[in-house]
Amino acid sequence: MTPLPPPPRIGSLAPGPRDAITDVAGVAVGHCTLEEGDLQTGVTVVRPHAGDPFRDRVPAAAVVLNGFGKSIGLVQVAELGVLETPIALTNTFSVPAVAQAQIRQCVAANPGTGRGLQTVNPLVFECNDGYLNDMQRMAVTEQHYLEAFAGAGADVAQGAVGAGRGMTCFGLKGGIGTASRRAGDHMLGALVLANFGKPGQFVLGGRAVGHEIAARLAARQRREAGEAEKGSIILLLATDAPLDARQLRRLALRAGAGLARTGSVFGHSSGDIALAFSTAYTVPLDADRPMPAVAMLHEARIDPLFQAAADTTEQAIVHALWHARTVTGRNGHGRISLTDLASDWPAFPEPEASP
Amino acid sequence: MTPLPPPPRIGSLAPGPRDAITDVAGVAVGHCTLEEGDLQTGVTVVRPHAGDPFRDRVPAAAVVLNGFGKSIGLVQVAELGVLETPIALTNTFSVPAVAQAQIRQCVAANPGTGRGLQTVNPLVFECNDGYLNDMQRMAVTEQHYLEAFAGAGADVAQGAVGAGRGMTCFGLKGGIGTASRRAGDHMLGALVLANFGKPGQFVLGGRAVGHEIAARLAARQRREAGEAEKGSIILLLATDAPLDARQLRRLALRAGAGLARTGSVFGHSSGDIALAFSTAYTVPLDADRPMPAVAMLHEARIDPLFQAAADTTEQAIVHALWHARTVTGRNGHGRISLTDLASDWPAFPEPEASP
Amino acid sequence: MTPLPPPPRIGSLAPGPRDAITDVAGVAVGHCTLEEGDLQTGVTVVRPHAGDPFRDRVPAAAVVLNGFGKSIGLVQVAELGVLETPIALTNTFSVPAVAQAQIRQCVAANPGTGRGLQTVNPLVFECNDGYLNDMQRMAVTEQHYLEAFAGAGADVAQGAVGAGRGMTCFGLKGGIGTASRRAGDHMLGALVLANFGKPGQFVLGGRAVGHEIAARLAARQRREAGEAEKGSIILLLATDAPLDARQLRRLALRAGAGLARTGSVFGHSSGDIALAFSTAYTVPLDADRPMPAVAMLHEARIDPLFQAAADTTEQAIVHALWHARTVTGRNGHGRISLTDLASDWPAFPEPEASP
Amino acid sequence: MTPLPPPPRIGSLAPGPRDAITDVAGVAVGHCTLEEGDLQTGVTVVRPHAGDPFRDRVPAAAVVLNGFGKSIGLVQVAELGVLETPIALTNTFSVPAVAQAQIRQCVAANPGTGRGLQTVNPLVFECNDGYLNDMQRMAVTEQHYLEAFAGAGADVAQGAVGAGRGMTCFGLKGGIGTASRRAGDHMLGALVLANFGKPGQFVLGGRAVGHEIAARLAARQRREAGEAEKGSIILLLATDAPLDARQLRRLALRAGAGLARTGSVFGHSSGDIALAFSTAYTVPLDADRPMPAVAMLHEARIDPLFQAAADTTEQAIVHALWHARTVTGRNGHGRISLTDLASDWPAFPEPEASP
């Protein structure tokens, strides 16, 4: 296999040292991957900080670009503007198992939860990996969530790992991708679970490669004619900029701009959900602890973050495709990687400097 | 025990024959109740029709009055405007187990679900019954959901049954209540899972009885001083009027008017969610089947349904309190019933006819 | 005319010294009233502080309880979470004239507006006073807005004044009402433009007086049989508690609980909109000025404000009805005041102390 | 002046005969343009059908992509799911004048409006043309609206006409653009008022031309360094597909995907609002007339419309830039057209056929 040239660099903002969501200080990512015959799935966990988010809540907001999805936890995020668990990603039918794991984890750390103390709000997102993975076996367990959590760190494996193991993107092997950009004084990172798009739609770094991808896939008979998209994408944004929930909602929406640039039209059957959180401050569970007195970013200075939200999202999708390896799973179904399908492609040009 | 006089009749619209949500033809309700020491909880299932809602979807919409809640399924209901499972109610920590039960039930009936066929959207609401029930034991299982489903019928047990087993309302024993009203040519029914309110707030059929209830509870030392409300209420409305999702959302909001009349201010810690559905038509899963050609209700004729939504909601809350019996549960905690606390009250006056 | 006894006191929280929205320090209210034959209308202005809100923006959020209304300005309030003009109230057809007046006022004070500087977002709410007032004459002018603004102060005239001049509430003369409550360390005030409700729905201080009101109106032939409600209510809340836009949105929703207690079911033809703002801090237009570093109220301490939001709203509606005087207007149409219709009513009981 | 080559064709769907929103049968567009020294502005009117939309309402829904905007009318559209006036576009400070014109037009046609009959909901969108046009003179009058309305027809002038006269897009002359696509059995058209974007962001038909545009503009000193975007875009979609308001809201969101492809990240200061309507049926004002019994499009068949929504939006933006001519206005400010700036560009390739 000839390696692909480096992926195209999106936009003119500079990436952080890892070009990953973990360039936002304190954010950690972990995976647990199941890869065994008909089971090609897993769990990915994003920890917003090293502490317990149940006690030190993290400001957050979400936007539903397309709500054909089965996440749990968004009602309370919308009301209270905070996360109180790590963010978990998995396959559609494993949301309950992972939500239960989050409840148990919170109870273990905070024994009064649901007795004297308030209950905890699990936050689990999903995409449908049923083409490569036998979701009906509901193979993901509490233990898998705990492994993903335990392994969370600053180095982020990408591609067909964790929740991304069984995902498909533009008819190719999809999965987990991440990226970061510096926006003025602040860092912004994205992590995506990419499982969306029809081959013909694919725009890669500004190039409309969809026709060629579709033709190459057809030549390999890798994609059934007329197969409807049943995909989804989860778009997570982290930033160290001091933003409140209203501003984070605005930020999350801009992930949609990055997604659209890759060719997506937020297709009907796709659960496209974006969530943004800030690490600039936390909100205490305990009302007797002082509330943070934070000067939020002036709205007139928010545009660089909007640009970074779109750029990191697009870059993270490119990374997911770049790093994914070909996977064969349920019933012998396979998804070929971009690497394998397009190893003969020329290099992308260097990005130009910002005007 | 002297029985209470009949509950006050709310409003001037006429109830249906059962004064229950099952007066809307086709709607069925079932309970599974766990009552054993520290476990005082359960599952309640509302079936919108006798068929499989995965194949024949039911138009629906929800309003989050207060989003301090952990339901699953609302993202997709908002996007697609339909239910595709029965509606399930349970305790907060049992949402995952019941959601998983719904997935398995759908897979059993539709083996392609999540393989070739699209995935199913579980729809589970919850309230926190942790005062009477040890939620941490997560005692509710798939089997309990199936029992509630199997027992669903037109007769609706009320009070401390099903998901209502461990619930508290205004410091009294709360739980399941239901009611119905005829609104012009249409029937509208409500079913509530009532677990909200501080004793002093309680307004019963227009009477501000809160002070007296609080005083009587204090005399029995039944309520700890300063205990914060950690309640919630789930408000379900069914109607046979032909309404689309936008209209059903308007209807659902009016459940909040009925709730407010009982004294609630949609307290901070309360997950107050209303969902309305129509039985007038269904939407086929299969795109090759014809879509229903339905003349929706003209908006200028919707006010009687709004009135009925508020009235049945208030009535259902009254019924929940009227039918609940005193329960003792976790750690010997108890909630006294309105019947036991106020058996000496005089009868409420007959409702006046509509002006 | 025998004066009515004092109005019922709503709830157990203590009112501020004026029992008016102006008990929130800095808030001022002014009216301009047109009362001349077929013209029975006006403008009411609520100033959130004594400065220019274009330069020092005021955190705010709105909730649309029923969107059958023609306000201008809410899109930007929702996005940016601030007010940048005074809040204006008027009749439905005069929204454009008042919006234009706000633009001109802002341009006069900030000459660069719409040239180098950004444009201003007018914020005008309305109710339909077409029964008493000939809206088609569009009699309200820029000058009327400026008069209402110029006259703004801490003393708030109530009843058939300003924008309330031509309004109808439960078939009686409605209009402007205001109230305030102390909630813990904070003050909260409400101002309503009450123009909603059918006579039979009216619940006054917990008493279902609707049947009697309807009967008395029928006896005077003051209300046409079967006349549909074409009303609306605008609900404004002010507080000195430090809340962000998300929290203010939660607060605004609780105005709906107060409204529901008076018998409203948020009828179809009614534009029922609640807006809440905080005077605890401002947000500078100029990005070079420092952003406020404010510790927001801990969410666990917000319930007293929710209670006060519902209680002041209900109280303000009662005040609007109590202070309104009988008005005759367009085509000889009249609306009788509660004072005139029910002067023989006994006094309401003193409120009980909080439990 | 050398003419530009034909504009790039976006996507693989076939345009309608006019490649304009008026390919949706019944839709008509008219302009009134003011071009005189410091006044470079106007009004554009989109009529959804040839009748009176007050009596025959048009199903519609809007999405606010970025709410830094001053439109009027969206609250009621969201609640009731219908338009009841033509859609009007103008500059920011002229919204009140045009709203008033719409009220007067409705009253003239329906004399009972605001007397016995309900009031009318004006629907006016705006962008800020203050760089080329002296908005403070508020030069747009009722007469200009009526002229635009009277001139409405199937031929749509594009570029610096009507409301587009003073608009700027990517630092170039922007304005009105339109396009259409056939999506299965249905036609979908878009009309945009394009006034957004920084030069460096511009992606034209998939080519990242922003750097070059920025460099050429800098060479002509046509754009001040560091000037913040103060733009906006209004995105209108029409279709003859039978969709309800919920579905139309989904459709409107996809206009954002087309917008993002041109390089926009929905910048902070931009009022980016999309509205979609269907011409497949109307809803009668009069409740005694029968409601339409329409079989809506099955959701599983909606993806071609989503694709068309994104493609026509992008195409309409391209058309706005292609057709706009260089304009000089207020204080001698000018915006050069793409034609003038890039007349030496080579032709775009023919679009490939759909895979």
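As written, the chain order gives the labels A, B, C and D, with residue 1 at the start of each chain.
The definition used in the following text is that contacts are C-beta pairs under 8 Å (C-beta built on N, C-alpha and C of every residue); 3 or more make two chains touch, one makes a residue touch a chain.
For clarity, every value in this text was computed on a predicted model and none was experimentally measured.
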Quick check: more C-beta contact pairs at C-D or at A-C? C-D
Name the chain whose C-alpha centroid is farthest from the C-alpha centroid of subunit C. A
Subunit B to subunit C, mean C-alpha position gap in Å, rounds to 33
Which integer distance in Å separates the CA centroid of subunit C from that of subunit D? 35
Using CA atom averages as chain centres, what separation in Å is found between subunit A and subunit C? 44
Residue numbers of subunit B (touch at least two other chains): 66, 79-80, 250, 269, 299-300
In their shared complex, subunit A is touched by residues of subunit B numbered 64, 66-76, 78-80, 92-93, 95-97, 99-100, 103, 107, 113-115, 118-119, 121-122, 128, 130, 134-136, 138, 230, 269, 271, 273, 330
In the complex of these two chains, what residues of subunit B are touching subunit C? 12, 65-66, 199-200, 203, 206-208, 210-211, 214-215, 218, 228-229, 250, 253-254, 256-261, 264-269, 299-300, 302-303, 306-307, 309-310, 352, 354-355
Given the complex, residues on subunit B that touch subunit D span 79-81, 244-246, 250, 283-284, 287, 290-301
